[in-house]
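Inspection log for the structure reproduced underneath, given as structure tokens.
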Amino acid sequence: MRLPRFKYLGPETLDQALDLLNTHKDDAKILAGGTDLLVRMKKGLLKPKALISLKALNELSYIKKQDGYIKIGARTPLADIIASDLIQKEARALFQACEKIGAVTIQHYRGTIGGNILQDNRCHHYNQSDFHRSGRQACHKDGGKICYAREEADRCNSTCQSDGATALMALGAGIILAQKGGKRTVDLTDFYTTDGIMPHAMESHELLKEIIIPVQGGQSAYHRLAYRSAIDYPIVCAGVFLKPSQKNEIADARIVVGAMSRSPLFLAQASSSLKGKKLNDTYAFKKAADVSMDSAATFAVHNVGATLEYRCAMVSQMVIQALEQAAAAIKA
Amino acid sequence: MTTNISFLLNGDKISYEIKDHWTLLHLLREEMGLIGTKEGCGNGECGACTVIVDKLAVNSCLYLAIDVDGASIETIEGLASTNGTLHPLQQSFVDKGGIQCGFCSPGMIMSSKALLDENPRANHEQIKHALAGNICRCTGYVQILESVEAARDKGGQNE
Amino acid sequence: MNNLNPDTNREFSVVGKRIPKLDAAQKAMGRAEYIQDIKLPGMLFGKILYSKHAHADIVKIDTSKARALAGVHAVLTGEDVPKKMKMGFYKDNPPIKKGKVCSFRDEVAAVAAISPEIAKKALDLIEIEYEELPGIFDPEKAMEKDSPLVHEYHKSNVLNLPWKLHYGDVEKAEKESDFVVEEKFTTQWVTHCCLGTSGAIALFDSNDNLTIHTNTQIPSLAQKDFLESLKAMGLVNKRVRVIKPIIGGGFGSKLDTYAYEHISILLAYACRKPVKIMFDRVEEFKATSTRQPTVIYIKQGCDKNGKLTFRDMRMVLDNGAYTSWGATTPSVMMMPITSLYRVDNVRFNAKCVYTNNTYSQAMRGYGNPQATFAIESTLDMLAEKAGIGRVDIRRINRNQPGDITPQGFKITSCGISECIDEVEKEFAIDGPKEKGIGTGIASLIHVGGGARIYKSDGCGAILKMDDYGKVDIFTGGTDMGQGLDNITAQIVAEELGLYVEDINVVHTDTDVCPWDVGAHASRSTFVAGNAALGAAKKVKETILEYGSKFLDADPEDLVLRDRAIFVSGDPEKSMPIDKLLRKAHFSPQGKMLMADFFYDPDNENMGKEFKGNMSVTYAFGAHGVKVKVDEETGKVQVLDYVAAHDVGRAINPLLLEGQVYGGVVMGLGYALTEEVVTRNGQNMNANFRDYKLFTAKDAIKIKAPVVETYDEYGPFGAKGIGEPGCVPTAPAIANAIYDAVGVRIFDLPITPEKVLAALKEKKSATTEI
């Protein structure tokens, strides 16, 4: 399988990269590990004229704790995150998520955390060879007016299956987007658009520089369901964060459900239902999980193999298990 | 769009005129005639194309050739010594039945090598983890895992 | 019967040894040449354009733009295919379709160009206008009167195939039964997923003789198919040479010839240059065949002692749009249906029905896994109904040596009982229960001594020895990774007192290798093994003649061992074999040693009502599995697996275990994760992410105890073992799930959501009461 032709651009510094982005804009794509991008290019899903490689930008590969944040460079390989003590201890959900991605030899060394949260949404009908897609009318994501995943849908129903995104959103992470002469910080919850065609709000002249996770003194956990132990995207996943109070009550909770919809779903109602509850209040966990399931069901799209009914039912399972893990970690 | 790159291939210095859109797999197989590295899917799903770049096992089908500029690459062709003695991993795969049709074998062996080079005492679970991206349809993995364990137990030496 | 066997009790020096696969080192070094790796001088690249619809009339094809593209050498459409060029035994499948397409897999055009890129570009330039027709994707609906016809000329969607038998009196037996179970089962499409994708290179010489390099399991029958194609092309009296590169996995997928092979021939002829067609993974998923999917209706009964009284089965097979060996799998399904356990009254009826889906092929087990799934699942249900232990019901009804089954199979050696013992040794099937954990057992019967499904079930071997004590053996048999090369070499080495490294096995080229019906039905070890043994015996006779002359001894007293010939009882008197060979060669009226042998087993073609001894011997086995079911998610985890097989004799335990492990894991995929997902006839998961093969991380420990029953007719007592490993896996798993959580899944694969749905249903049923 060959790649379509493109021009390879290898900036040596971040500034050069931003310059190039500014010049090429929509014609160029950033190449990190390429494990998402190159696959899509081989399928003819996109044909950028140029690739701007982050290969030389070692300045974008780091994990550090600074100013109350864990800061991760966008080009940090998944393998480094998995191996990081800091992440294992203080952002465990992210460790658990990254560990499950694809398979070690492949995605972990090449795949980056930036690429992971910026990977395109997936759809059984869209992630097909160009020949498969050429035999029918274009769908919304291909520039047309129909959707094969859900008949009569007026919008795209592709699914965000990024493990990293769900975990990071649960951790309350933000991202720093750089562009020539400036940058902005965006909360991950605001970054995802719920539009399956353009799943995140990044401008074509922007570059993801850094991911920041606030250190808030709590515990997180991530749990996912897939049919196999490797080379498998989640069909449902949940990331949670619990912050205990002095009295061993839950001071703050965040529940995020992934692989169910066009973006990871931060479930505000389910999260706040846990406030003030005891850490061993299994009934409260169960209730929060049920609320999660109901809220997630409203946004759920049927696209990734298993039936919607099953995946919805599994939301509460994933949430409960993640909550119990996080609570256990706090107690320990 | 061509670029001149140089890299170490199984210890040999190579310099090559490549096209930007070539993958490393294409460079090795189609251009350099190194057929040992296989293409099973072309999409990062099967591991048949696994080679080692700077000590890490990667899928050469999703690795741009241009990105190996300055790197050190190991492929299956570089494992046996020049006098024909198999690398201990190769020998174990042969002895323990780790090879049937053999199409997955070069990739399996390269993934195993990267693992054992880094962690010569890898346990059963670590080996399974390291080979998770390498699909085999013939063996059911049982004898492949035994092969890697046998190589590990030999401590990098042939018996 | 032609029993070639030497004394089976003697000590062997090569047979029975764990000798690594002969080509393993080559493969381990990355030096083995697969079809992917072969380039011929002046070679062009062919590509195939497939249909964009499941069912449509082709209104117009315009290839002019493709033809005009620089670098394109030939563009073919259905118009360029000779009328008589049709594939498959039912001859309903032209390599490029004309006028109408009947599935997404239909070839509508092909090109040859100087590079794969140009060939692809040329395909994009071919303009085709279709007019869509209503498609039919459900075989049972396709049987209804007003259903659209897949092929109008065929008048009906039901194929004219004779799959029907009735022995004894099923209706009477049902009435007399104390317990009866009746159920419906369905099985899915799964596909071979050979890691090396398909491909072929065709070229013609100046006399229009064809050479084709292709991945095939049937070199001789492929040669016949290609000869027929040549004839259809007006090339009569030509030669066809089939060269097999090293094959990246077979499992039955290469048991018929495919469109890409015939198209490469047409293109090569049109361009008079070598043309290579190589599939990528997506094409491999979409344009190669699957295991035959089935809808199964089964009724089984027993008396109050648990003795089986009757078995009544009806099946509907989704034939897809064209016909290949998938449509003949009922002939093998008959084997477990009539002969797995003793049951006197059996009835079976299978209908193959055209649909606009993909068509099926042979795949490891050839129908047996589907039938066994239904039989072994309902056997557990019957045991429960009758209040008999699950192991007991199997023991009560087990096959025994000397049995002649209703279909006329003569059971010679039979180790089913010992196999069940082996399973029970690992864990008690009917023992105490832990919550969420269950055990399951299922047995199997399979052909183990050839399978006469063609006019000949034979295989030839030619053996020659050189002046240095080395052997070249040219066998008709095929190695595709399963190890026939070793089996052949070990048998010959054993017989001639040589070492395995002295034997060169050539199995790759019809110009030098004799005829063989093909690598199917687990027949290679038995049939090709016996052919090799026969040739070795002939040469041995000559060696002994010379030995007796040179050593001045009675041939009866001579022994071949360690590359030498000895006089037994007088170790001083000996001569190295190579010396003997040279002496024979360079003496007056010299002689080089060579021999040929054609072995056609003594099995029978199925006669009227499908009666006859299909195989010289039968392989048996029993699998046991322990699973854990997560009642919250429905996920099934395999904890322990034991696969006990009666193999006659293990010629090479290392390779044998490899066949069993590989078969079991393929069977586990069939049971739990694998499925070709289609939507209106179109394959939706043509990649390894969404088609879920087990990964190394999912791998389990498998125990594979071997039961040796020393079959009288097998080479050194061996029977076939290539396929059985994947036969009883799915029912063993289904039975274990039932044991664990009390729900039975009738529909493969057993995904977590099916298990969960069944659990829910069970819960609501119990709360209602």
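To keep things simple, chains are lettered A, B and C as they appear, and every chain counts its residues starting from 1.
FYI, a residue touches a chain if its C-beta (ideal position, glycine included) is under 8 Å from a C-beta of that chain, and two chains touch if they have at least 3 such contacts.
Note that the structure is a prediction, hence the values are computed from the model and not measured.
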{"item": "Touch-based graph of the chains, sorted into line, ring, star, complete or other", "value": "complete"}
{"item": "Chain pair with the higher count of C-beta pairs in contact (A-B, B-C)", "value": "B-C"}
{"item": "Where chain A and chain C are represented by their mean Cα positions, the distance between them in whole Å", "value": "43"}
{"item": "Whole-Å gap between the CA centroids of chain B and chain C", "value": "30"}
{"item": "Centroid spacing, where centroids are CA-atom means, of chain A and chain B in whole angstrom", "value": "30"}
{"item": "Multi-chain contact residues (two or more partners), chain B", "value": "39, 41-43, 45, 129, 131-135"}
{"item": "Junction residues of chain C, two or more chains touched", "value": "280-281, 688-689, 694-697"}
{"item": "Interface hub residues of chain A, defined as touching at least two other chains", "value": "1-2, 103, 229-231"}
{"item": "Contacting residues of chain B [partner chain C, same complex]", "value": "34-43, 45-46, 48, 75-77, 79-80, 86, 90-91, 93-97, 99-106, 109, 127-129, 131-145"}
{"item": "Contacting residues of chain C [partner chain B, same complex]", "value": "18, 20-21, 23-34, 36-37, 192-197, 246-251, 280-281, 480-483, 654-655, 657-658, 661-666, 687-689, 693-697, 699, 701-702"}
{"item": "Residues of chain A defined as touching chain B within the complex", "value": "1-8, 10, 31, 34-35, 38-39, 42, 51, 53, 55, 79, 102-107, 109-110, 229-231"}
{"item": "Complex contacts: residues of chain A adjacent to chain C", "value": "1-2, 103, 124-125, 128-129, 131-132, 134-136, 225, 227-233, 305-307, 309-310, 313-314, 317"}
{"item": "For the chain C and chain A complex, residues of the former touching the latter", "value": "50, 52-53, 116-117, 280-282, 632-635, 673, 677, 682, 684-686, 688-690, 692, 694-698, 751-753, 756-757"}
